[in-house]
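Once you scroll down, you'll see the structures, which are given as C-alpha cells.
Next come two complexes built around chain A: one with chain B, the other with chain C.
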Partner chain A sequence: MRARMSDLSPAIDRAATPTQELRARPTQWGALVAPMLVLVFIFFVIPILYLLRMSFAEQAFAKSVVPIFGVYSLENFAEIFGDIFFLDMIVNSLIVGTGTVVATLLISYPIAYYLTLTRGWERTLILVACLLPLFVNIIVAVLGWYILLLPFGVIQNMLSALGLIDGPLGALKSFWALITVLTYEHIPFAVLILAASLQNISPDKINMARVLGSGVYRTFLTIVLPLTMPGVVATVILVFALSISSYLVPALITGQQVMVLPIAIFSYTSYLLNWTLAAAISLILLVIVAGITFGLTILANRLTRRGEWEIV
Partner chain B sequence: MSAHETHDSQAGLETAETTSRRSGLHLHGLKKLFNEQVVLDNLNIEMARGELLTLLGPSGCGKSTTLNLIAGFIQPDAGRIILHGKLANQLPPQKRRLGMVFQSWALFPHMTVFENIAYGLHNRKLSNYEIAGRIEEMLRLVRLPGTGEKFPSQLSGGMQQRVALARALVTEPELLLLDEPLSNLDAALRKEMEVELKRIHNQLKITTLLVTHSQEEALVMSNRVAVMQNGRITQVATPLEIYNQPKTRFVCTFLGDANILEGVVESKVKGVAVVRTNNFSVMVADDNDRLQAGGRAILGLRPENIEIATTDARTADNAIPAVITDVIFKGSNITYYLRAGEQVILVLTLPSMSESPHSEGQQVQLLFPKSSPLILEDDEEGDEGEDV
Partner chain C sequence: MLLALRLFIYLIVIIMLLPIMMSLPMALTAGSYVTFPPDGLSLKWFIRMSQDLILMETIGRSVVLALFAALLGVILSVPTAFAIERGRLAGRTAIETLITSPRMIPQIVLVLALLIFYEFIGLAETFTGLVIAHLLITVPLSFRTLHVGISSLDRRLEWSSAILGASTARTFHKIIVPHLKTFLIAAFTFAFIISFNNVTMALFLSAIGERTLPVEMFNRMYVGGMTPVLLAIAFVLAVVGAVTFIVLDRTIGVLKYLSGHN
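So, the complex of A and B:
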C-alpha cells in the first residue's frame, strides 16, 4: 500500500502545479481520447457507412452476405415509400415515439418538481423508486407487464371482476399498451434529467415572479418552463430516440399487432433475409431520429433564445 | 420599542388598526417557529408612509424571516401583518402589491432587461405603449438608458443590481422590500449604490424596508433603524439617536465600535454617578436617573469620544492613566489600543499634520467628560431566544 502511495505522489505533484504544462501539449489529450475515437470509428462510423451503402444496393444482391459490390439504385426506398404497409409502419413508429414522449413528460415533470421540493425520506423514496428499475433487466420488467396485460391476465380479470368490461380487452395488445410500457421504461431517466434541471432554478426567481404578481400558472409558464427547457429537450430527445428504436418492448408486448420499424427491420434481416430493404428501413429510422433531434434542438433554442443568455 | 409594550389589550388593538390605515406597514405581535425553535418572538414594527426603515442585525437574528413573512412566502405562527391598512396574513405574495430586491437579485436570465422590468407590468394589464414608456423612465431613473435589449448575463454586477431595482420599482409598489441588496457588490460599488438608493428613495418616496447586516448601510440610508437580536427588536430610532443613545450593550457594540466598561455604582449625587470598575472609577452623568447606588452598571464609551493627553496640562471629568499597546494607522484615522489596568481601551483619533502620533509603550492620560459614557442595559437573555 505504501509503495503504491509513493508511486502516486509524482502524479499528485504534477496535478498540483499550474495547468499550463497540460495546456501546452494538446497531443497528450489526443492520446487520451484516441482509444475512444478508435472505438467510435470501428463500431459506429464504419457500420453506419456500411448501412448507408447497403441501403442503396439493389435487392438482387440482397441475399449475398456482403452486398457491397452490387448495383446501386433507389429501388429499396421506392418500394418503401410506394407501399402503404411501410408508410403505415413509419406513422406507427412516429405515434409510438411521440406518445411515449408526451406521456413520459406529463408523468415525470410533476415527479421531478416534487422531488426538488422534498427532503428526507420522501426524497430518498422517490430517488430509489427511480433508480431501482434501472437495475432490473428490461426483459424482466417487461415480463411483469406481459403478465399484467395478457389476455385473461391480471388487468383483464380485475376489470372483469369489477364488471367494467365483458370479454377480452382489445386494448391489451394495442398502441396504448406499447406506449404504457415504453413510458414506464423511460420515466426514471426523465425524472433524473428534469430534476437536475429544476434544481438549477433558484427559489428566489420563483418567489420574485410571485411578488411581481404572477400566479402559479404564469410563474410556471414564464419562469420554470423556459428555464428547464434544456432538460425538457434532452428528455424528449432521449425518450424519443430510445422508444422509437426499441425492439424488445414491441416484440414482447404487441408482437406483430402493432408494426413498428424495429420489428420490420428484425423480420427482414432474420426471416425474410432481405438485407438491403432492412438497411433502407434502418436508414429511415436513423434519419427520423436524427432529424427530430436536430430540429427540436434548433426549435427549442430559437424559442428560448438560448445561446444569447446564460444563467445568472 | 419593547417587546411587551403593546400586548393584546383590546384598546391597544383598536389604536393599532386606526393608525395602520395611515401607515405603510404594521406588524403586530409576529411570531414564527422553525422546527419548534423560536425565530421571531412578538415582533412589532410600524412604518410611516414614505419611510425607509432598516432592519439591522447579525445573520440568524430573524430579519430575513421577517421579510419573508411580509412578502408572504411563509406564514406567521401568531400575530398580524397589516399592509396598506389591510390585514394581509392570508394574502398570497402575488396579491400584496410589493416590490422586492433579493440578495441574489433573482433576475430572469432568459429575459432581456426590458422583459425583466416589464414582467410585473404585464400582470397589471397595461398597454404595450404604456409599458414601454414606463420602462424607459425607469431605466433613466436607475441610470441604465439603452440597455433594454441586453440580457442580464451581459451586464456587470452593479448594472444587474440596478435592473433588479428598476423591476421592483416599475410597478409602483406601496412597499419596497430590500433583502441585503448590496451585499453581492464590491466595496466601492456598494458605497455608490447606497447613495444611489437613497437618491431614488428621496425621489419616489416609496415606503421601504431594508434588511441588512451592514451598519454602514443602515446608518447611511435609513430614516429609522431597527436593531434586531435573537428574533426581537431591541431598539428603533433614527441613525443619529441609535448611535448616540444605544439602549443595550448589543446595540452599542453592533453599531460602531465601543469600549464596554462593567462596574458597580459607588455613589450617586445630583445626577452624577461614580461607577467603579475593576480597574478604575468613572464619573457618569445620569440625568434620567437610570443608575442606582450600589447597583450594577454597564457603560459604553465610543473610541472617538476619548482624548489622549501626554501632559498634565489639560484635565477633564475623567482622567485615567493608561499605556499604549498598539498603534494602527488607517489613513483618515488612527486607532490606539491602550491598557488601563486589565481593561483594554480603543481610542480613535484624527491624524494631525503637525503632530506625529503617539508611540507604543507611552504612558498617557485618557480624558473624557462625564457626558461621554453611554449607560447601557444588559442584553435580554431571552429564555427561548437562543441563536437561531
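So, the complex of A and C:
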C-alpha cells in the first residue's frame, strides 16, 4: 500500500501517509500526553505523597509546613492505636462497610437477575428506578430519607397507622439508618456491574445444564453464580470502598452518633485543625481500602479459575 | 417463586424512587415547617426559592464550575486518548492507571491531600483550585469514554481522507470529530453531571462566601436551617436529573456508557 501511494499524485506527498505518521510519532505523541500527565503529577501524585509524609510528622506541626526531610515520627499512629475512641471508629467503619456490601448484594443481585428475564416496559421501569439516583444529586435522596426516617416522619406515621409500632421510631441517627441510606446510594453501581456480568453468560451454558436435567436452583448455584463471581467481587470492592469513605451520608444521617473515619478526618481538618492527625487517619482509610481491593482481586482470580473448573 | 421475586423487585423499585419523589409533596406545603402530611397546598416555597438570592448564586457557581471541569476534561482527554491508543508509548498501562487513579482512592483522602497542598501553594479557597479538583475526578471518566471512542474509529477512513489530499487538521475536522461526536457528548455530559453533583470536594475546598449548590444545601441541612425551600430546590434538582436521564437515554443511550465505567 505504501509503495503504491508514493507513486500517486503530488497531493499524496503533502498528506500524512502512514509512513510519515510513524516517523513523526515518539515526540509528538509524548507532547499530546504531557498536559494530562503534568496535571495528574502536580495535583495528584505530589499532594498524596505529601499527605503520606504529613501523617508521619510530629503533631506540633498541626497546620504548618512540614519539612520533607525533617523528623519522621509515629506520634499520630501511637495516638490513634492507643485510644479506644479511634479503635472503635475503625471497627465502626468496617462494620458499616461490610453491612452495606451485604445489603447491597442481597438487593442488587436479584434485580440484576430479574433484568435478564424481563423485556419491554417492565425492564425499562426497573432500569429507570435503579439508575435515576445516578443522575440526581445524592443530597436530594439523603434529604428524602431524612424526611422518611424523621421522628413523626412518614415511615413512623405509616407504621403507627398499621399498628406495628407504638411511640417514636428511633430510626434516624441509628446504625441501621446509615446502612440503609448507604445501600440505597450504591444499588445503582451494583446493579450495573452485576447486570453486565449476568448478561455475559452465554445462554448455551444454561441451556446445556437444563438439557442435562439440572433444575433451576441447581443451574443457578452451579452455573450462574460461579460465572458471575468476578462481578460480585468487583461490586464488593467498589461498594466497600465507596461506603467506608463516604462523608456526606454519615454526616447528615447519623452525625456524631456513629463515628466513622471520614467524620473524624473532616473534624480534625476543619474544626480541630490537627492536620497531621487527619493525615494519619486518611492513611489508615487508604490502607483499609487498598487491602480489601488487593485481597479480593487475588481471591477473584482464584474464584474465576474454580468457576471454569466446575463448568468443564 | 417468580411471583415472590417480582414483588420484591417492585418493592425495591418503589424504595428507589420514593426518596427522590419525596420532596415534591413536602415542598408544596402551605405551612412553615417540614411536616407530613403537608399542611395544605401552595406554591409559596417554590416562589421563595426563586427569590433566595444566595441559593440562585450558588446554582450559577455550580453550573460554571461543572462547565469548566467538563470542558477542560474533554480538551485534555482527546489528545491523551489519541496518544495512548495510536502512539506506541512506553508505559501505556502505567499512564492509564495514573490518569484513572484519582477515582480509585477515597475522595475524602484526595480532597484532604489537595487542601493541604493548596494551602502551601496559595490555591486554597480559590475557584481555580476547585476547578482543578473537579477536573481530577471527572477526567478518568471522560478519558475512558473517549478512549473507547477512538479505538472504535475506522482508520481506513482517515487514510482515505489523507490520500484524497486532506490535511491532518481537515481530516480531524471532517472525519474524526463527526465519528467521535456521541463519545464527545457523552464524555462532556457525564463529567458535567459528576462535577455538578459532587459535594465532598467543594465542602473542603470552597471559601465560605463561595459555596456551590450542593454544599449550600448540605450546610442548610447540617446546621439545621431546614425550611421547605430546601425541599423545593431538591424537587427542581430531581426533575432536572430525570429529564437529563431521559434525554441522554433517547439520544446517545445511557446503559452503554455507564456499564463500562464502574
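Heads up, the rule we're going with is that the second predicted complex is superposed on the first by the 260 of 312 C-alpha atoms of A that agree within 3 Å, B and C clash if a C-alpha of one lies under 4 Å from a C-alpha of the other, contacts with A are read in each partner's own complex, and residues count from 1 in each chain.
Throughout what follows, a residue touches a chain if its C-beta (ideal position, glycine included) is under 8 Å from a C-beta of that chain, and two chains touch if they have at least 3 such contacts.
Fair warning: this is a prediction, and the values are worked out from it, not measured in the lab.
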Self-check item: Touching partner for A:Ile138 - first (chain B), second (chain C), both, neither
Solution: second
Self-check item: First (chain B), second (chain C), both or neither touched by A:Leu227
Solution: first
Exercise. Using the touch definition from the top, say if A:Arg218 reaches chain B (first), chain C (second), both or neither.
Key: first
Exercise. Check the contacts made with chain A and report whether chain B or chain C touches more of its residues.
Key: C
Quiz item: Touching A:Thr304, do we find chain B (first), chain C (second), both, or neither?
Solution: first
Practice problem: Based on the superposed arrangement, let me know which partner A:Leu106 touches: chain B (first), chain C (second), both, or neither? | Solution: neither
Exercise. With the two complexes superposed on chain A, say which partner A:Trp275 touches: chain B (first), chain C (second), both, or neither.
Key: second
Practice problem: Once the two structures are superposed, pull the chain A residues common to the chain B and chain C interfaces. | Solution: none
Quiz prompt | Touching residues on chain A, where the partner in the complex is chain C | solution = 5, 8, 11-12, 14-18, 25-26, 28-30, 32-33, 35-37, 39-40, 43-48, 50-51, 54, 63, 65, 107, 110-111, 113-114, 125-148, 152-154, 157, 184, 187, 189, 192-193, 195-196, 238, 241, 244-245, 247-248, 251-252, 262, 265-266, 269-270, 275, 278-279, 282, 285-286, 289
Exercise. Enumerate the contact residues on chain C facing chain A in the complex.
Key: 5-6, 8-9, 12-23, 26, 34, 36, 76-77, 79-80, 82-84, 86-89, 95, 98-99, 101-102, 105-110, 112-117, 119-120, 132-133, 135-136, 139, 143, 159, 162-168, 171, 193, 196-197, 199-200, 203-204, 214, 217-218, 221-222, 230-231, 234, 237-238, 241-242, 244-245, 254-255, 258-259, 262
Quiz item: Can you name the residues of chain A that touch chain B in the complex?
Solution: 202, 204-205, 207-215, 218, 222-223, 226-227, 304-306, 308-312
Quiz item: Given the complex with chain A, which residues does chain B contribute to the contact?
Solution: 71-73, 92-96, 98-100, 102, 104-110, 119-120, 123-124, 151-154, 160, 167, 171
